[in-house]
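Both complexes below contain subunit A, partnered by subunit B and then by subunit C.
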Partner chain A sequence: MRRAVVDLLKAIRAPVAAIALTLAIGFVLVAAITDEPVRAYRDLLFANFDSLGNFALFLNRATPLTLIALGVIFSFRAGVFNVGGEGQLYAGAIAATVVGVFLSGLPAIVLFPLAVAAGILAGAFLGWIPAVLKVRLAVDEVVTTLMLNIIVLLFTSYLANQVIRDPTSYGAVSQMLPQKIWLPAFPGVPGATSGIIVAVLLSIVSWVALFRTEWGAQLRASGTNLRFARTIGVPADRRIITAMLLAGGFGGLAGTLYVLGIGHRFEQNFSPDYGLVGLTCALLARIHPIGALATALFYAMIINGAAYMQISTDVPRSLVDLLTGLLVLLMTARLGLRQRQG
Partner chain B sequence: MAYISFLASVLEQSSPIMLAALAAMITLRANILNVAVEGMMLVGAFTAIAVGNASGSAALALLCALVAAIVMSQLLALMTLRFSADFIVAGLGINLLAAGGSLFALEWFYRSPGGLRPITFPDLWHIPAGALSWLPVLGPALEGQSIIVVLSFLAVPACFVFLYKTPTGYYLRASGEDEHAARSAGIDVARMKALALAISGLLAGLAGAQISMDKLHFFLPEMTSGRGFIGLAATLFSGGLPWTTAAAAVLFGFFGALGDRLQALDIPSQFVLMLPYLAAILGLTFARWRLHIRNRPARILKPQATSEPSGSHRADLEPS
Partner chain C sequence: MTGPDEILHLSAIAKTFGEKVALRDVELSVRRGEVHVICGENGAGKSTLMNILAGIHQPSAGVIQLDGRKVEIASPIVASRLGIGMVHQHFTLVPSMTVAENVFLGRHLTRLGIFSDRQAMIAQAAALIERYNFGLDPRTPVRELSVGQRQRVEILKALAFDAKLLILDEPTAVLTPPEVDELIGVIDGLRSRGRTILFITHKLREVKAVSDRVTVLRHGKTISTHFTRDVSEADIARDMVGRDVFLVGRAGRPRTRAFGPTRLRLRHVAITNAAGRRLLDDASFEVRAGEIFGIAGVDGNGQTELSEVIAGFTDIQAGSIEFDGRDVTAVGVPGRQKAGLGFVPEDRLDRGLSVTMSVGENLAATNYALAGLTRHGFVRTDRVEAFTAGKIAEFDIRGAQPSTPAGSLSGGNMQKVVIARELNRDPPLLVVSQPTRGLDIGAAEFIYERIMAAADRGRAVLLISSELSEILALSDRIGVMYSGKLLRVLERSAADEVTIGALMNGSVGAVN
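Right after this comes the complex of A and B.
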């Protein structure tokens, strides 16, 4: 028991230190520009729990972040540096919306699974492209996922502006989805998506799959040492492609659950860079599924908290963007001497 | 005369893309996939407007934009080379820091989150009208272009000469080609990489200044709108060769200008704007595919010998 606690403390030491350092820098910054730094920080961290409405928004924020982070974890564990979370998210969101809008005549019992499947498949397809290019031709996946992000964003902008646009509203906004396929609210918290339940369950399932099954061990082996994995007979190429299908699928699911549970329609700028923030959460959690749930909740807390902080103390909410940048910059750094040679 | 104004807008659109592409190219030759070009451009664009607004001097604004972008590049160099942060993650961090920092400055110092629009702003030097009338076609298109557009086209031969005709350029490429061999030969690899990032910052700062200072004279959040990534795409598409990179940048600038025209005609421009990114993926895939075909006999003898050459930059993200 004591060893377990010590191990846990060891594992979370670095991420907690990174978060603490960033929050400390932020506090200095806030103290420099406002007379009420404590009030500002209280709102940044805890205003999410002041009312049921705030709590609902907090859960809504955490859902896509958790799912994207889980997807990133699968790909990183398989050794694929997938920065395509944003594109996979948008692909899922637009696919679910297109299905929901165009087939709105179908009964909910058919339409709902169809929309979810479309969203997941669209995301998975987007994960499959870089995976196959990497495995077959060793094309760098950072480049392909980065470029695919922008391609998908342009494509959804086309669909949202020209094809499924709601002509009565301003901007690139799709028509509403039929109410019958909206995700029910989280029990007891009106306005909160029950997608958070899916996210929590999937983070546990992901942990089991990655760390308690042979399949997961093979996937991780392909990521840590590809040649060794191949030598001992792991079908590494297949594991890598599956991992990317899952990563894309998780991103797609995040988008799907967003439109079904939160937005109820597709908006071109619905994501405040969830893809990159989800990646941040995954890396902060040392690519661990349960840890990623914790970091996603933390991030949801400060993204929303920033808005409350701005209202109560007029510290700009972009403080959080600034701090995120610092955190990402510092996140993978190691103090002390360089450990690796070349 | 329509084609001359179109040519002029192609030149204008190509200029920041060209500078961004060269910025990414220099670092690519030192084996760094520089995703932070976008962020460094944004910092340059913001600094140019902020300093120009405060000082009223275009030259000072441009200088400060360059310095600010170089400082960002050296911050990235410090984190990655000294503290072994991952290049991609830290680079994305620079982008976030630039976006967040400029937005924070807008909200806090200028109290206008929508953007910074000085009422009067010093003009950059532009090629005076009629100065190039002796040059057919290209002359009229160049007239009225800013000094930065001219510099961006001069930067191509400059980068070529630097990379291929100077000892430092040799060292820089050697560091990118084979770090161990370069180190054995007595080259300070970390210094070469930091230098590559500094040059990258200089070019990106110039690109950012062009975007905000040339015609617009204001700064908006997310003003660079992915042009750093188009530049990166141009470099990757052309495999990091200076002249090919420049050609790709002009091609992508052409797509950009075309996209603008189509937007005016109410034709969906998104598909045209996608082309640079598609071209980058296809270009890279094609290059790898040719290598794949060429290596086929060798692969039969040594099945696992073809590991990715560019994979080293994320060796330190393996789960511990």
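Right after this comes the complex of A and C.
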């Protein structure tokens, strides 16, 4: 048990150090732009906690990021460079919405699990396609997952515009999901999705699965040295496909929980690049599930905080792009340093 | 102290990396025109010493004298200006460029200061090749050369710099036995043209074959320097290890038990590659319980393919494979392992382990169920740690903690991880490929003991090795592979170095 705690601290230490340094450098930049650097920075970091409403938005932002990052971690640990998070997210969201809208007559106790299952399965299916192509035909997964993103985005756009469109509202949005299957709010925080609880629990479950089971060891063996894994009798192809099913499933779940808990309908362009940001969160956490929870929370905090900062001071919100870029730089620079020492 | 015939003199050289002491007190004197071997076990400090001479590391203490003058070798560029040429164990060649282009890489001969003068470079490279009789065409792209030929290109690079002192860092580690013999010829030629050569190795046969004098390092200290003709291999081994070493093998020990039933049988196994070449041609043999069956042969004559068809990685196109009388031809890798196969692959980095995973996870990989390391699929970390610590102690895996990445270990210690893992299951059929490649004497001796003990317990062992001495030391029967064929199977009593050597070159007639 002590080992587990030490492992956990180790995993968190790296991103926290880089984050601190990024913020320090960022502060210098903010001070150069505005007369109120302290105010700007306070808003960037703490405005999320000014009101329950802000806090709710923060949790809503963090939930899909965490889930997508967890999915990415499973695929990367299995050696699959899955950049299809965005597509898997949309697939989950549209599948859950379609089920919820078309079967709205069913009782909640049936419809809710059905919608969730549909969302997860749709995402998983999207992970399965590149996995099977990779394992059977050695098709590069970067290409297939990227292309699937575009296919799914266009297909969901068609569905949202033509099939499940809400004719009474403006823009490409679906009809509302029946209220009976909305996810309950986070206890004590109205407007916040309780999906964040699912995300936190799943990050712990993911860590246990990857680092404390023989299955996880086999998956990581397949990801780090495929020929080694095959030599010791690991059914590596099965592990890789499972990892991609999970990766897609996590992305699908992120989309599902978004429509059930936050949007309550499918909106075209509902994701501000959750797929890519989730991938960044996973990489910055060195593809560690607990670390990814931390980086996802941090990203959610500064993405939302930047908006508050822009409102209250004259610092543009695009500063946050600069900060995240800097963060990526510092984390990878650290990596390089460590490798040279080793 | 330094006489006129002395080209290099090191006194009291020390080098520390942080808390790790790599060299503590190295004395070395190299005479002009000699071949001087530096010998020592893995981790004795040979490579550190060479890197100091090549200007890659700076010594923490001590004096380097070249031609009687004190020098500081601040960088590899300084080293080459001083006339020290280094040939690294891992090559630094551009595969797509020709031999001549590689030799003059970074200092192309030019016309009018800008245009590469390819004709001049080819001519100069050809002249060097001619002078040292290297048998290369300067116009050949390096990617088309064999490993032994590439090494000669490396040596050419150093010679083109006009190196007075040529350092070869474990040059034979990557070579096949015939290539080693060719290299020894090359070195003789260099010596007869007045070059001084420092040759690093831990293979005793080469020390005797190549050198005038030999200096032994142990734990970062110079232990002895001898004229090679005055000492035996056993003397050198004793200096290297610090105690007497007995590499007896099976031939020298009384047989304790008869062979049991046939554990592994191959019948007419054949595989053909996409180009239609037979990689394995009608291979038939069997290995019985309690027997060590050795496969000798020059690398690349089908041994890799043989081990892979037995392990189940490659499908065969003809014939059959049986474990314990059961046909496993169509059974996959996991099934064969369940049926009792233990497999030590020839290349530990390729198939043997995952370098980014910890030593503990690498050792546990095939032993979770057997050693009770899991409960309901969950890993019991305390047990993995105890299991790993036990294996580290038992196999003397140096520099390893259960949580260190396997890739941070030295090659020999990585090999011990692979062997410890496979032997833990005590498999009834053990297939071992190149078990001691890159290992020092002490570690090899230990692994030989383990392999022989497995056979004595009634396990069937298939030993595939390109080290003839290893095959002769351990095997009860010996098969020789040449060009995908198993040429002949000999009883150990009927086998000697000459007979097998002839078969390894494919001459069946020579022994009829």
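FYI, the second predicted complex is superposed on the first by the 292 of 342 C-alpha atoms of A that agree within 3 Å, B and C clash if a C-alpha of one lies under 4 Å from a C-alpha of the other, contacts with A are read in each partner's own complex, and residues count from 1 in each chain.
In this section, a residue touches a chain if its C-beta (ideal position, glycine included) is under 8 Å from a C-beta of that chain, and two chains touch if they have at least 3 such contacts.
All values derive from a computational prediction rather than experimental measurement.
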Applying the document's definition of touch, where does A:Asn161 land relative to subunit B and subunit C: first, second, both, or neither? first
Between subunit B and subunit C, pick out the one touching the greater number of residues of subunit A. B
Between subunit B and subunit C, whom does A:Thr224 touch in the aligned arrangement: first, second, both, or neither? both
For A:Thr213, using the defined touch cut-off, is the partner it touches subunit B, subunit C, both, or neither? Pick first, second, both or neither. second
In the superposed arrangement, which partner chain does A:Ser318 touch: subunit B (first), subunit C (second), both, or neither? first
Which of subunit B and subunit C A:Ile232 touches, first, second, both or neither: second
From the superposed pair, tell me which subunit A residues show up as contacts to subunit B and also as contacts to subunit C. 220, 224, 227, 230, 342
Quick one: in the complex, what on subunit A touches subunit C? 3-4, 208, 211-215, 217, 220-221, 224-225, 227-235, 342
Touching subunit B in the complex, subunit A uses residues 33, 76-77, 79, 81, 83, 133, 136-140, 142-144, 146-148, 150-151, 154-155, 157-158, 161-162, 220, 223-224, 226-227, 230, 273, 276, 279, 283, 286-287, 316-335, 338-340, 342
Residue ranges of subunit B touching subunit A (in the complex, touch as defined): 33, 35, 75-76, 79, 82-86, 88-90, 92-101, 103-104, 106-108, 113, 179-180, 183, 189, 226, 229, 232-233, 236, 268, 270-271, 273-274, 277-278, 280-281, 284-285, 288-289, 292, 304, 306-308, 310-312, 314-320
The answer for subunit C against subunit A in the complex is residues 311, 313, 333-334, 336-338, 343, 345, 350-357, 361, 364-366, 368, 373-374, 377-379, 381, 385, 408
